[in-house]
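Shared between the two complexes below is chain A, which pairs with chain B and chain C, respectively.
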Partner chain A sequence: MQLTKKPLRIREMVVIVFMVIGLKGGDTTPALFADHAQNAIWLVPVVSFLCLLPPFLILMYLLKKHEKYNLVELIFHLLGKKLGTVLSLLLFIGGFVSMSVDMRNVMEELNYLYFPESPTIMIYAIFLGICIIIANKGLETIGSLTWALIPIIILTILAVMTVDLRDAVWQRIFPILGDGPKTILVDGISKSSAFLEIFLLTIAYQAFHQTKDFRIGIYTGGILSCILIVTFYAIYAMVFDYNTINNIAFLYQESTEIVSLGHFFTNISTFFMIGWLFSTFLRFIIFLYILCWIFGAIFEIKRFEGLILPVGIVSMILSLIPPSFSINELVIRETSLQIITPLFLIFPFLLWGTDRWKNRGKT
Partner chain B sequence: MRRLILILLFLQIALILTGCFDRKELEEQAYVISIGVDKTERDNIFRFTFEIANPEVGSSVSNVSTKEPAQEVVSVLGTDFLSATSTANTSVAKEITLDQVRVVIFSEKLARSKEFIHVIQSAPSTVDLKLNAQMVISKEKAEDFIRHNKPRLESRPHKYFQYMLDRARETGVIPDAPLVRFFQITEGDADLFIAPFASTAREPTDKYGAEDNYKAGEIDINGGNPTQFIGSAVFKEGQMIDTLTGEETRYTLMLDTTLPQQDILATYKDPLRPDFEISAKVQIDKAKVSIDYKKRGRSVIDVHVNAHLNVFAIPSTEDYMLDPRKRRILYASIEKQMYNKTTEMVKKSQEKYKAEPFYWSLHIRKEFLTIKDYEKADWSNKIFPNADVHLHIDVKSIEFGKTLRQSNIGKVRD
Partner chain C sequence: MFPWQKQKTEAIEKRKARKISKNLKDNVKYIEEQYSYGLNYDFESRTIQGPSGRYHLFFYSTTVDTKQLSDHIVAPLLEMKKDIPVDRIVSVPNISPITNMGDVEKGLNDGSVIIFKQGIAEGFEVNLQDFKHRAVEKAENEKTVKGPKESFTESLPTNISMLRKKIPSKDLIAENISVGTRPAVPVTLIYERDLANEKVLENIKNRISSITVDNIRNIEILEQFIEERPRSLFPTLLYTERPDNVSNFVSEGYIAIMMDNSSSCLIAPITIWSFFHSPEDRYLRWAFANFSRLIRALAYFITLFVSATYVAVTNYHSQLIPIDLLLAIASSRERVPLPIIFEVLLMEIAFELIREAGVRIPSPLGPTIGIVGALILGQAAVEANIVSPIVVIIVALSGLSSFAAANYSINHTLRISRFIFIVAASFYGLLSLLGAILLWAAYVVSISSFGVSYFSPATPSTKSSHDTFFRMILKKERWRPGFINPKDWDKK
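Let's look at the complex of A and B:
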């Protein structure tokens, strides 16, 4: 897509990153981490972020060095047409699988907790329909929409935190290493691609007013998301205990269900659904848009908005294959993340290596 | 032409908007306020009793049609909460909803059996049933408990349970026991869980056991609703093993750092005239527990409890207010009384239960790095039963309410 005016600035970037990465504090990702790490659930994302940091910094360094490229163009520039296509396609597939699996999880969550009578496919269709319509409007709309909705979402997050903290017992964070340092490291590294979106977002490197806006935005957003995720996971560990936490699938909703505010507000969990729903919509709108953008960039499709509908539908069909939620989360998501992770951890180094190789004569 | 297309498009929106599969009419819902669960003769089949509230009774909006009773009680057989709900719907016209359940009552017989853990396991996976509902153990069958429970002043059953549990909790004679706490403690497998104990069958004992040295059903009350909430049921590894009196419950709560402390009402022996009692409102600060863990040998547990008293009745008319010597005696005596009772409770848990209901396992956790080490050290079997528990109870202040001195009865009698 040719953006001529490039109206997006830092604040939109911050909220986009926050929406895509940070709100993994509220979906089913914690249940995935808690499965092995138990009450050290909050240390796992710390390990993941530390592990993702070097490749990410290298990617950012390369993008800064080659000012006028975005992610796919950079790969093409450095690796050439053929290898570049292969690598970019692999990245796309990684993102695509992760989106499909995530989407199924969110759908099940929505279906199971809020609309138990409705058929999954119906909720799915409506959800996807809205995502596709909004994603079609382009990055500018998405950016401003995200910025406009952020107050509601922040309000929800703060409210959930205060409510949850009433029931939290801080001693439950001990024994501090949970299942042991090995589990934390292995889990943190092998599942670090749960946050792979941060790499894919670099496709939008050229879409901002200045590239500096993008850099500041992605760093600020990343740090904020990291803080949010770690705090939320720590709160989950403090609200539930270590043996209970790995039995619960929807920690965010469940944690709001067990607290009551006095006599009158006994069932308050539904209040927190609104912000959660908004954030989920935005998250998948952004994710879908970014993926189509990457796909469009690989095959040089200028008007890639046309891809949103087919990509969305294919993703929905694929994600409906797993027979149940728990298999989807604990088997498929876990395995797919373990397969995808090495790719995302290595490819920036590969790019960096070729960059050095190409420049060896010049210096 | 264009307008026609637009209108047709808008008509399609109507299709989307009406497609609410989960539409629920308020009229069609039967809100269950309390669920009772009983053991039957057959294994793993239970009798579920649903108390359904009638929202029309007692609300200020309704005016004419309040001839209907305030509640309906239905009881059916079932294996878990959800299947029992659908069975019950064969006799109740409205759709039974568990969203508003405030209390889940289990009979003592069921709680003491091995099947209890199976029936309660189905609670977290029941979507409607909120895990912040209170767990109550009834001395008799839960069905009888619900049927006999006839609050006179609170015609709306949901309010009745709420108020009743709150009042009892205020005096500290029953613990706060949401279902989620049961799972946390049982799955943590290190501590004992205590749940409120209640009864509608009166078997008053003759003894006058201060105001709280009773279990449910033992208090000699004339008139009113037969229901009594006092004392607690003790659970070890998901099975009920014993009951505590109201007083024991209060001292247990005093030592637990996770339960919110409220002002409790209690009586103490008058140190100078032992046949009299002093009643006071006691405010207890959060206990401080520190554990000195020794790998070999006995660990040492130090517990600091600070209390603030507000005395409002001294029937013996001893002058504790102005006489500093007598006041010192009072301080020392109350500390001693509290210390003795608490020590008794700790001893009981160390020797009789071999595990503690104070949730102290939380405080030893920081000694360990991993769950494996922590579980291997075995708090409930090895550390706690052999530990030296040092209690430090400190009465920080005693206030004497709104009178400046007690009236001199000797002079009045003249």
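Let's look at the complex of A and C:
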């Protein structure tokens, strides 16, 4: 017996979005951007967000118009069974590749920084095992868990910001355009699919108390995430400066590594690992769950929770193929993002076009 | 139903349906045989030959008030000269006519006196029960400095009377459901008719009536029969001995479950927050109450995580510890042969032993525990280089903090969870510790008590008085807890 049906509301949606998108401020994504954009790293996500905004708004408009559907059902409704399956599968594959690559990066980060003597696969297995067990418990548990742990994560974020800002020199933000406007634009647009989860999250459109909760939640969460990411990237630029920033792989950890808290606490980076690790766990739990949900929706599998284990393991095996972290991050991730980006930028327009085409006689 | 069960049930039904006979001798013979008169030394069967007729009384001398019996029953019957019905002779408030032997049996077991009269096929049950119980005493397990001091006692009428005193309202319902068969005993549900959610009430009633067991004698046993997850670490019913606490809950729309022979009662449905709240949090002023909650919250975190963090940090993340402290720890561990995890577990288990022994030990021997605990396990163990002093400090801290818990049930949860975390921390440092915490937290948010999420109103959120980690100023509390969906949400 459940007293309230669909108990999740705005706050859970906000934190889910925040966890999946916003916490990209702390993984290896900034290193990806810094490679070309140097100290204009904070402008790249701004470009990406601006570039993602129109397709996202169109998708949200379509979802609002067709009240009863979630992402996959909407695609099926507008494009029909065959084309819909192809497009949804492409989206799923995009998400899957992105998740696998991200997960490998995070594992390498964890391994390299905190457990240098352990084999990656061992850490990977523990991490994935926990993710799979929790993802199996369903969206309500995930949403509630995320909300329950958000105080720790926010505390960590605020602490990192204060600590980093003590070491930051704001003039380092100049030259404001870094390597030049062209690099920023090209980088921002071509890698905008680093934030593709925001499209995939719309699979949960019907899962909240009201669809309004979902909409408010995703907008609020998205805005908060943008602010967080841009602030964090700007802080990195101010802490590391031009030419250093593109040689650092783990900006978040490095930035906490070089500061100290008074004379007593000289090495505090592990403190910040707590919030970071929680957020990483939650991020992949949500990501894994959503991917399986999409897969389940495509092939009409009602109890898609059963897919979490195989999808997780396949993703782990695939992501272990690249020989090293740098190849994974700088070759595979960059290339895959550049391939995936057009798909995510274009598909909402495609849906919109079909919607207009279908309704051409009615207005 | 199995054939032998059917036979048994049929025999019982037949016995209960037997009518009372007009012939007094038949009735007396039947009941004396049923109740083993003569063998059962406190079972009394007494004939009274009054001027108006011949009467017979049955009762247990140990369960009735004998003074009232002689003043209000025996004396009037002996004196009455006119032949009028028994219920007009006897001067007691509680008298009811009965016609079959089932009622006679029930009345006798409940501590009533049964009166038969020659020539009438009817008996009378006079309720003069006087079961012995403790007086109302101070609450022992949930102490408060500010606020009422009385606690429940083992008598249900006394307990309900204490609640009626606190909520004098016609809407306060005390409903009985019987449970068990040998004999069937009543379980009393206490709720406010215009507040308690029907679905929850229905759910509780269903769970109680679907219990198939010969007997349940008290609330502590009943709790284990009606909870959803008997193996879970987390209790889903609140066990409390304070009538003021119960009346607070009932007037918010919760349901209290009571039974005779229990000096406590259960509250359902319940969320995790209620286990961390003491009734005193409402009696103290806002700042003081929240300060006390802050300290308690700190105590929970310490008891759950301090030993585990020590294991994780010293084993895997020693770079985190400032150099001076690291040297201090290293030098104190210099001559200790055991690995840290064994050291910590050893001391934690020793502490649990002291605690367990402290509960069971007869009180004249109490001081022994102090000597053994402090001297042998603390000082001597350090001097013998079995454990390092810092571990003694950490374990004492975590053990002490576990007793700051406001409720005894959650105390076990905290202590067992602590061991899970310590073991987890020894595998892969912070990675496995945080993973274990995450799994633990995911479990907590996923369970529910009678359809109510265990973590509400924090998440999933509803309108409520937002009484979670901290409470608001009482004047500003507007809503009753929305997660239990009371019939009336608005407090004002």
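Criterion: the second predicted complex is superposed on the first by the 359 of 363 C-alpha atoms of A that agree within 3 Å, B and C clash if a C-alpha of one lies under 4 Å from a C-alpha of the other, contacts with A are read in each partner's own complex, and residues count from 1 in each chain.
In this text, contacts are C-beta pairs under 8 Å (C-beta built on N, C-alpha and C of every residue); 3 or more make two chains touch, one makes a residue touch a chain.
Owing to the predicted nature of the structure, the values given are computational and were not obtained by experimental measurement.
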Which of chain B and chain C A:F115 touches, first, second, both or neither: both
Touched partner set for A:G180, first chain B, second chain C, both or neither: first
Which superposed partner A:L277 touches (first chain B, second chain C, both, neither): second
Touching partner for A:E67 - first (chain B), second (chain C), both, neither: neither
Partner chain(s) touched by A:R172 [first = chain B, second = chain C, both, neither]: first
Touching partner for A:E12 - first (chain B), second (chain C), both, neither: second
Touched partner set for A:E300, first chain B, second chain C, both or neither: neither
Chain B and chain C contact sites that coincide on chain A, given as residue numbers: 114-115, 118, 126, 266-267
Touching residues (chain side chain C, partner chain A) in the complex: 197, 199-200, 203, 313, 316-317, 319-320, 322-324, 427-432, 434-435, 438-439, 441-442, 444-446, 448, 450-453, 455-456, 458-462, 483-485
Chain B - residues contacting chain A, complex: 16, 19-22, 99-100, 102, 124, 127, 130-132, 162, 166, 178, 180, 183-184, 187-189, 257-258, 362-363, 365-366, 368-374
Residues on chain A engaged by chain C in the complex (per definition of touch): 1-4, 7-9, 11-12, 110, 114-115, 118, 123, 126-127, 130, 133-134, 137-138, 140-145, 147-149, 264-268, 270-271, 273-274, 277-278, 281-282
Chain B partner contacts - residues on chain A that touch it in the complex: 38-39, 112-119, 122, 126, 169, 171-172, 174-181, 240-244, 247-248, 254, 257-260, 263, 266-267, 269
